[in-house]
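Shared between the two complexes below is chain A, which has chain B as its partner in the first and chain C in the second.
Showing the complex of A and B:
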């Protein structure tokens, strides 16, 4: 089932001359794990904002083309309605957390939906357990590490049981352990609940192994879209300035001197195997 | 030269962030201070420009005890770029932000203008010069803070998480810049989690955990020492992860970046063929 569909999507922020995204055509199936990469200012964040209605309902500007999420035309539905289908997690978890305890933060979004108390309690517990913060439920956000905070932010949107999870550079303020924890949680939600994931990330070395598809944006347009191995090892990805994983760089560096490995590696373990093959020969 | 001797530091809320931290950084060195969140990295470097003074122990900058001089006189020598740009920015435009310290240090207007123009150009900030720093993205704000310190050319530059929010080209540019500073004899101290960024620069690495220095040595040895890295909650760079698994087939230890990996592999293959 197609869960996200954009047709000629173009958005220009008010006061700007050039569109932030231009003629974006995109179709994402339910259960895909889509990684979006691209240099600063390429339109990644703008595209994310179109997925949950922040554009056009919160950010002012001119929207052309169409965007449908879970069959709903984003233009015709409020941010509040869309929040039940699309959960959005931002760069800095501190902008998303404000209550006195983890549990209260997770409850907040649900309280606005007006669900019965028992159902609400169940959802809160489920969401906290799913991201591994249940033991922290009585703690205040400031008592948590960055990785824990970001997982709480995910729990907040998860409690609404969205179909799509959109994460805009969720690990950029985290240390490597915190980043890995967060991405593992996202992978689990994708694999176990078949939740569709759209992940904008600079740290491709950590993120790419979870993705089923990679999209590269540049100057407001989608310029590459496909299997992560093909996308990241392409010449364009490197010339655009994508921080491709070092194993992919090594693959290309070896190719340039005439040593072609049998496959493009995207993780250290894969590169180890490929090199062992070569060295055995 | 910076010297911290047996430094303890306790924040007013009672948290003991440094416990007997000792380190010496010579002129012209490139040092990366790494370790998990809460290890005391930022607390330690804030002692280098006198922003913090030790609760116990001493810090010397060029032989002068930081307790005996003002922050202003230290700042001229040691520039510190905050981790969070919003802790540093306060002017109404990018241009003013960068000019602020220069005027404070008494540079004449022509010189202020020359330096501001140069540094904004270098960090690709010229188009934003009349904008409020607070309307920029995190990555751009971070560049403004770096530019505003670089502008007065301090002898020592401390960059706290400089790669945060920066994309590939900006990181490359930052790396180039660090290398240029070093060529001119500048001392650069990085506080960072970014092992991939560090693996290309191959600095001296100081690992911290629990308020102390737990390891200190060249990047090639520290970033390939799994046991030590684990204690500091750091993963080896991806290339090191690969090569650590391949030492038994004759590849050398201490390979941490793509360039060296390519060289080592080609040498091994050539020797196997002959």
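Showing the complex of A and C:
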């Protein structure tokens, strides 16, 4: 089932001369894990905002083309309606937690939906356990590390049982350990709950192994779209200035000196295995 | 003592004591009754009794150190109250006939300390979460009632928004303190001097601290609004709440005792003359 579909999506922020995204055509199936990369200012955040209605309902500007998420035309549905279908996790972990305890924060969205208490309790417990913050439920935001905060932020949207999880550079302020934990949680939700994931990341080294599909944007347009291995090992990805994982760079360097491995590696372990194969030959 | 110290002194710390467990409304009623009585009496003996009455609460709540800090801050004001009263009586001999020169000024200072003590006891033992709950529990019906009477106010007051603002402002205090510290450090590293020079120079020194703080706050409010919307803020008219305040047996007992003590005090005030 196609869960996200964009046709000729173009958005210009009011007061801006050039569109931030232009002629975006995109179709995402349920259960995909889509990684979006691209240089700063290429429109990744803008595209995310179109997925939960922040554009056009929160940010003013001119929206052309169409975008459907879980069959709903984003233009015709408010952000609060879309919140049940699309969960959005932002870059700054600090400014998306408002309550004085983890538990109350996770409850926030459900309280807004007017759910009865008993139902809320169940969902909150489930969401906190799913992202591994159940033990932290009584902690205040300032008692949490960045990675914990970001996982709480995921629990907050997860409790509303969305179909799509959109994360805009969720690890940019985290250390590698925290970043990996956050991405592991996202992978788990994708695999176990078949949740569709749209992840904007610049740490490709960490993120690419989780993705089933990679999209590279440049200047407001989608320029590459496909299997993560193909996308990242393509010439364009490097010329655009994507921070291609080191193993992929090594793969290309080996290719240039005439050694072509049987597959594009995306993790160090894979590279080790591929090299061992070659050495055995 | 700097401003941050006072904030720190007022900051609620998680703990579990019989006082912490009391319903916030009961505690508020207690603080309010004590303060009302402190204003109703001017006799030294009565005020000593009232002041002493709140000390066991502080002890039971285990917040004596923070309380002492508040009292230290308040004692300066208390001294001024004493002084103005003393001088006033001294220069208006007519008043001296009412009470011995020292007794009334001391009573007045004690009255102030009792009110400060009662309310710091309330704030030190009540979690902002509980305060928010109490606020939501009563503000929402109150606004409804008000709008029924004054229909013009419809849309002008958003009780849920007010409660959210309260909770969020408490939630962001530690964040902002942390932010302020790191901005001060960064500007110091660039050669900003905050503790040298005359008053004007010092005040000017704070400008490079305040500007980033204000910018951060503006950006924060934008991001908060975005995140709130994305989590369905305002989706239904009547928000529910994960927790609900409920008066327990202990709350009822404390409430009854407070009412009884208050009634007795009022009776004393009306019909029994106090010597001092």
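As a convention for this text, the second predicted complex is superposed on the first by the 281 of 281 C-alpha atoms of A that agree within 3 Å, B and C clash if a C-alpha of one lies under 4 Å from a C-alpha of the other, contacts with A are read in each partner's own complex, and residues count from 1 in each chain.
Convention: contacts are C-beta pairs under 8 Å (C-beta built on N, C-alpha and C of every residue); 3 or more make two chains touch, one makes a residue touch a chain.
These numbers come from a predicted model, not from an experiment.
In the superposed model, A:145 lies in contact with chain B only, and not with chain C. In the superposition on chain A, contact of A:10 is made with neither chain B nor chain C. After overlaying the two complexes on the shared chain, residue contacts for A:212 are found with neither chain B nor chain C. When both complexes are overlaid on chain A, the residue A:108 reaches chain C alone and has no touch with chain B. Shared contact residues of chain A, touching chain B in one structure and chain C in the other, are absent.
Interface of chain A with chain B (complex): residues 39-41, 91, 145-146, 169, 172-173, 175-178, 180, 202, 205, 241-243, 245-247, 249-250, 253-254, 257, 259, 268, 271-272, 275-276, 278-279. Those residues of chain C whose C-beta lies close enough to touch chain A in the complex are 127-129, 132, 164, 167-168, 170-171, 174-175, 178, 220, 223-244. The part of chain A that touches chain C in the complex is made up of residues 52, 54, 57-58, 79-81, 83-84, 87-88, 90, 92, 94-101, 103-104, 107-117, 120-121, 124, 140-142, 156-157, 160.
If you check the complex, the residues on chain B that touch chain A are 36-38, 137-140, 164-171, 193, 195-196, 199, 233-235, 237-239, 241-242, 245-246, 249-250, 257-259, 261-262, 265-266, 268-269, 272.
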